[in-house]
Amino acid sequence: ERGADGHVNIIYWQAPSTMNPYLSGGTKELEVASLVLEPLARYDETGAMVPFLAESVPTVENGGVSADLKTITWKLKEGLKWSDGSDLTSADVKFSWEYCTSEGGGCAQSEKYNDVESVETPDDLTIVVHFAVAKPFPYGPFVGAQAPIIQKAQFADCTGPAMASCTDQNFAPIGTGPFVVDEFKTNDVVSMSANPNYRDPMKPAFATATVKGGGDAAAAGRAVLETGEFDYAWNLQLAPDVLADMESKGKGHLEVSFGTLVERIMVNYTDPDPALGEERATAAHPHPILSDKAVRQALSMAIDRELLVEIGYGAAGKVTCNVLPAPAIYASTANDACMTQDIEGAKALLESAGWVDSDGDGIREKDGKKLALLFQSSTNAVRQDFQAIIKQWWEEIGVQTELRNIDSSVFFGGDAGSPDTFQKFFADVEMYANNFDGTDPEAYMANWECKQAPRPETQWQGNNMPRYCTPEFDALVAEMAKTGELEKRAELAKAMNDMLMQDYAIIPLVYRGRVSAASNTLGGVIMNSWDSELWNAADWYREK
Amino acid sequence: MADGAAPVLNVRDLTTVFKTRSGAVHAVNSVSFSLKPGELLGIVGESGSGKSVTMMSLIGLIPAPPAIVSGEAVEFGGLDLLTARDDELRRIRGARIGFVFQDPMTSLNPVFTIGYQIMEPLRKHMGMTKPEARARAQALLELVGIPDAERRLKDYPHQFSGGMRQRVMIAIALACDPEVLIADEPTTALDVTIQAQILELMHELRAKLGMAVIWITHDLGVIAGIADRVLVMYGGQIVEHADVRDLFKQPRHPYTRALLQTVPRVRGERAERLEVIEGQPPILHAAPSSCSFAARCPFSFERCLRENPARFEVGPGHDAACFYDFDAGGPRDVG
Amino acid sequence: MPPVFMILMPEARAMLDDPKVSKILVEVRDLKMHFPIHAGVLKKRVGEVKAVDGISFDIYEGETLGLVGESGCGKSTVGRAILRLYDITEGSVKIDGIEIGHTPQSELRTMRPTMQMVFQDPQASLNPRMSVSAIIGEPLDEHTKMSKIEKRAKVMDLMDQVGLNRDFANRYPHEFSGGQRQRIGIARALALNPKFIVCDEPIAALDVSIQAQVVNLLEDLQAEHGLTYLFISHDLSMVRHIADRVAVMYLGRVVELASREQLYEAPKHPYTQALLSAVPEPDPWIEDKIERVILQGDVPSPANPPKGCNFCTRCPQVMEICKTDEPPTFEIAPGHVTACHLYSATNTESAS
Amino acid sequence: MTDATAQTQAARPPRNQWWDVWDQFKTHKGAMAGLIFFIFIIAAVYLGPYLWKIDPTYIDIRARNKGPSLAHPFGADQLGRDILARMLKGGQTSISVGLTAMGLSLVLGTFVGVLAGYWKRLDGLLMRFTDLFLALPLLPLLLVIIMLFRDPLRAMFGLETGIFVLIVFVIGITSWMQTARIVRGDVLALKEREYVLAARSIGTPSRRVVLRHILPNIMSPIMVSATLGIANAIITESALSFLGLGFPPDFPTWGRLLFDAKDMIQQYPERVIWPGLAISLTVLAVNYIGDGLRDALDPRIRGR
Amino acid sequence: MLNYTIRRLLISIPTLLFISLVIFLLLDLAPGDPMSSIPLTVPPEVKEKMREALGLGEPVHIRFLNWLYQFFVVEPQVAWDHLFGTDFAEGKQRIISFQSRSPVMTVVAERMPQTLWVVGPSYVIGILIALPIGIISAYKQYSWFDQIGTFISMIGFSIPTFFSGVLLIVVFSVILQWFPSIYDTTHTVTDWGSFWYQVKQMIMPVSVLALYNAAQISRFMRASMLDNLNQDYVRTARAKGMSEKVVVLSHVLRNSMIPVVTVIALGVPTIFGGAIITEQVFQVNGLGQMLITAIYASDAPMVQTLTFIFAVLIVLFNLIADILYGILDPRIRYD
């Protein structure tokens, strides 16, 4: 029964700064907002789409998606009400699109509405989205935690430049989700209570909820697993043995789920030598040593991924040899040889490729070029541990490695003025993790097209960090954009993944899951990596 | 001066030793003297001769440790101050024995008003109410010659000049009509014209109040003008004791003699060349085993270096600690 | 108009019987030293401490001029201003015929050897972290190019002159007694063979028994080197002993200047009279007979001196005119000048 | 003339006044204990690595999370690196940071303080400047400086030295103000001392007056600032590590080791205890040394 | 005094303006990017748009002047409107945080209570502990109390709060389960029960901070007491017969408090500034925590405004400290 189970206490050690996901792309904001705002459909824990506000998920088969892949028609459930009691209509849905794409607002999710030409609302329950191009995967708009529906009545005056100044709206949006914001303290705590107009009269089971922010992962874990003050703690990036120890206290348990996040090493195909000036790290100058595939392969072979997982992630990590590890239909098995470390093999490979240690300093040379690398990453304890241990392996095979770490706000900042962004890649190899949204890898795999290479002309924007560039790969990308059939798309995606893997442009390390902790008294938690972790908070209840 | 009257204060054999990191300092060595009611006893001696320490020791103001005060007795009002309890001492200090210190600039608490500081002992020792104490404080200020007393009670020490602060100090010391006033170089820090004012004031007050006074100074001129009897201290000991006129007419200790000769004067004959006492003051690291002036004394002989002379009677009410007999012009004939 | 202290008329000078008097070594004219007082919201200059307010006198070669007065009347300021340790407000100072009143400090450096100073507090005037030889040798370092050995010899020589044991050369000031420290200070002042030494209360901090030692030393050195002293002191009896002529200061001005005999036997200015009468006499018989002039009140603040005669607030013989007009300077006897209205009737105002 | 005191002094050998300071210092038990400990720590971190030859960055995977043993007396960390070796290396950094940052802040503070105190014309300006630094919120300043200069310096001095220079610089530049104020106050007072006047009457130029007469006599506040400065720098460095702004995670310092281990306080308490003890005891030792120095350098106390 | 205050205030205006400029330029130069916390999945074009929406496209001087206008004109107007119901600020752009897109000042106002609740009491408690320790340590210098007090205060000073905080949590929250490890900022005190909870959740952060504050202040107090215990006026007070309690707690303390009070006043800005590390450890999301998150998120308006407010507080309390000095110490008058 609604409200029968009292209070649920959630801790997000990184506190949400706003409740409006359109204003912040951050995970913490998206997830907390998902308690209030809902999209037409969400992904479940397997990555399958489930209708939320929509009657059903439209497909080509059920006619919801047009054959030319240019329109998709959504039907709202009947009788849906906003938490303030007014009716949810298709106008609200259309407004959500207008809101995010309004000029000068800086909507963080506008990419979700890419290529949307127009949205029609033939009646109060029907929404027809028209795309400018054929969309084999038309589920960007209004699906998932990133693109929820907001109330037109509330946000009508908040479009464009006014988006930012509507603080009251942004902090307490009216939604259709299980909870309503009572008080929002930015970067601190959100107090919520059950939505009186939630579509299921029995839900949510909790009358009130708070999401507390602040501190660090250890404190959050402690609060759930050791002291039992909180019911749910998000994203516990902690050393595996620490987590195990906490869990052993018996107050709570860990919830792990895997999405598409892969910790990987990017290999620079271009020469980052500062002497090159403007042309540094551009395609004009191939990398003097990493252009040699043997070197790239040897680097990969020298790594013991098993151990990395054990040290850094424990249960929250898996060994992977793919940059595209999931969903299952996309996961390739062609590269699994990398699972075992092969130091000797790596040595032999280098030897045969002509890289030999001729001067006895433990470092291989060829044509006067030393096998010496600069290895950069963002500042983060686990990454530095990885760097240290990988460095040791590489030095074992005769590759000298210098480590460098850069503050994440700079490394991932994308500031064209800074030499230290991961896009500029003024190093030989770099390590970070990346994933893709939802379940469709098309955009993700397109990251390694030639034209995606960051370079001065693009203000160093672009996602092709290795500056990988082959016509074959570009052709596969183009083909995928035209293919609607799932199996075909899977084939193509696997092919692209294998191509990258076998060229060793990317050295995948760990397939990372998310670890959260739930109290043993909290029932109904289903961990989800494809959408918000709190996606099914309406179903949570207190274990009696 | 009431001759023959019982002394108000009788000090016998007072000794003070400081235990410091760099060794002991025997600041006061077996000092004995007495103070008669209503008389002014002057104490002279060079810097470091133990004048201040003597006075502070007898009333328990010396910090112990590092000081160790011992002695036969300090009799005051039927009590031995050396063995008296702290609260007994406190009831005497400020009430029956008043103190005036050398430096008027630092001896007053800078953050309390003058009025408060005068009223403090009044309220404590005489149990006065605030208005009573204030009236008395005002009267005291008028007594010591501070004009506009009522208003000035509210002023802070820094608003007074040095001379006026010293008057305030005197007012505090006099607050409870003490039987004894101990003034430790009260005019040394002041200009001569201000010193003259204070000395004049002292004359008046004694005439009016008739208390016994111990007046410490190193200025023989001041002593000559104010004292009835004089003690001369050197190296922590009393080396000569006499009626003021006797002392100036017939000094019987070589140190006193030298002292009288070295000081130039503004009146009378001008000496072409100053007499000097050669050498430096003694270091007091041990209890004296010889005459402490011997090293600088033109009359010293072998015995002076061997033995510390006691105070010998050299005339009526006049004694000196010296083996040299100036009347005879040779060593004194003593055991 | 401030009273400009007249220059002694030639005949007056001739009357001074001291054979040493030959040539004016230091000539001070209308010297003023005002320290600004800043106050208000913008720290504007709202007034000044008139520490020295128009002083003129001469010091003859080889003599000792005593400067006496109460604390805060500006004695030290005069001494320091003459040596240009302050940038003076107004007036001129000539030493050995050279005007130094407004010479920039950098050029003064070459003049420094002729004029030196001995300070009041022998403890404070010696750097506690320098050895005796370093202290005495510092002027030599600054002004001569002596070799180490020469310097050492000179320092030893100076130590002998002031009666310091040569063995003490490597010791530090805190290891000495007050009198010895003052000797070190004197040795330092002598190092450059100066002609003129300002002694700013050199004995005030010393014990009575030591004072005489230092004064005798100063006298011996004067006799030996023909030094000229400006001897600042508030000890009138010591000044009587050492000085040839004496100037009495009150609140930034000289109120009376005369030869020693004249001043001590027949003081003219009421302040001088009061000052002298206030000095206690170490003799009970005389003490009883002294007719004291007890001054009332304290010295006014030099930041806010009274109108008219500076002394009018405390003067026992104050007249109406004193409260309005500044007294000019009168020469009431040859070589004896005073600034007091009492003498305006009987004496002509001296040339100004 | 005979001088009684002088003669007794002649018996004593001539001694530098630092000996007196030392004599006084010796009587302060806390300070002596502090000094001995501090010397021990310095010897340990600088000479220790010559005896304990394990490379602090060497990863011995088999030793992961091992408790204290003969091979690893302090245990091994999550990568199997020897904690003792890391403590020694970390101590080197922490103490070097402490000493050099203190030196920098001292030099700066003394320089500004002396200039402001001695030259009236500069006083207003420099004191405003000092106030300005006092009023600047340090944390953002630290952060920005670190972000701005981390990489240029790294490029200039190499990885470790670069960041070292930066941290030292940052701590130094944000902690000199107290010293400057104290020094200025003392210089203002010293300037009026007669021996400074005496030097000027001799004609000693200002520069030499400062060097010869002023500086040596403000040693006592400077020395005290110095000892406090070391402690302060060591703590600041550890706080920077906590905020993620200090040395990079793979670079051991005591602060960093403590920070890294604090989450494992329950699993591996010894990993917290060692660096925690090292920091606290060193700071404590240095503070006691400072206390002792203050007493020893104060002539009022020393004379007693 | 008034003049002095006005003058100081006037001087502080250019100082503060300069500080604001320095902060602004530093923040602008800092390589951090507000977009760095946006997931990599958000494409660069979108990030660029967001950046523009934040106003980052404008040149530096425009942004600075804009900020100045907003801080000194708009925000006061908003405050005014809030108090008096006027609408001067209607439609004017306020200073907006990059992270939350909400007015910075609103957030500051929201955070203030929890900072004051935790840092304030810890400061007060720290002082209350420190003063007696300082007084007794000085009065009984080198006694065992002094030694232990010194030791503890040095420990308090030398242990980083991030360490002591975690230690307390492990002991009292995890093992003993006495206190909550996470501070509840939404908790409101309505009755004894909730008050007790508030006390419980405050105990650990407050004691960590109080230890640190007490350590520093007790050192100052001790030093200041030691300075004053040797002054002449203490001897005068004793000579007046005052009891040791009055001598120490009235005469000496009053004087010793003068520098200590100003030191305490100088520490007040840190109360408002929050204790960054402690707030972080106990999740007391106050101003300090806000500053550090803003720094991590490169939220320039937030950092700029907060740091500037701190700068104003520091300057202000510097002034207050000086004025307090003048008030407490009658010798000092700033004119």
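For reference, chains read A, B, C, D and E in written order, and residue numbers begin at 1 within each chain.
The working rule: a residue touches a chain if its C-beta (ideal position, glycine included) is under 8 Å from a C-beta of that chain, and two chains touch if they have at least 3 such contacts.
This one's a predicted model, so the numbers in the text were calculated from it and none came from an experiment.
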Q | Touching both subunit C and subunit E (chains) | A | B, D
Q: Name the two chains that are joined by the greatest number of C-beta pairs in contact.
A: A-E
Q: Sort the other chains by how far their Cα centres are from that of subunit C and give me the top one.
A: A
Q | Geometric centre distance via CA averages, subunit D-subunit A, whole Å | A | 46
Q.
Report the inter-centroid distance (CA atoms only) between subunit A and subunit B in whole Å.
A. 91
Q) When the centre of a chain is set as the mean of its C-alpha atoms, what distance in Å lies between subunit B and subunit E? A) 55
Q) How many angstrom lie between the CA centroids of subunit A and subunit C, rounded to a whole number? A) 88
Q: For subunit B, write out the residues touching at least two other chains, lowest number first.
A: 278, 280-281
Q. Got the subunit E residues that touch at least 2 other chains?
A. 31-32, 174
Q. Touching two or more other chains, which residues of subunit A qualify?
A. 216, 407, 410, 420
Q) Can you list the residues on subunit E that touch subunit D in the complex? A) 11, 15-16, 18-19, 22-23, 26-27, 29-32, 147, 150-151, 154-155, 157-160, 162-163, 166-167, 170, 174, 273, 276-277, 291-292, 295, 303, 306-307, 310-311, 314-315, 318
(Q) Give the list of subunit A residues in touch with subunit E in this complex. (A) 11, 15, 17-18, 20, 23-27, 104-111, 161, 163-165, 167, 170-171, 183, 185-189, 191, 210, 212-216, 219, 222-223, 226-227, 229-230, 407-415, 417-418, 420, 434-437, 461-463
Q: State the interface residues of subunit D toward subunit A in the complex, per the touch definition above.
A: 57-59, 61, 64-65, 78-79, 147, 151, 154, 159, 244, 248-250, 260, 262-264, 266-267
**Q.** subunit D residues touching subunit C - in the complex, by the definition given at the top
**A.** 1, 3, 5-6, 9-10, 14, 17, 193-195, 197-205, 208, 212-213, 216-217, 219, 299, 303
Q: Give every residue of subunit C touching subunit B within the complex, in rising order.
A: 70-71, 177, 179, 207-213, 215-216, 219, 234, 236-238, 240-241, 260, 264, 274-287, 292, 294-296, 298-299
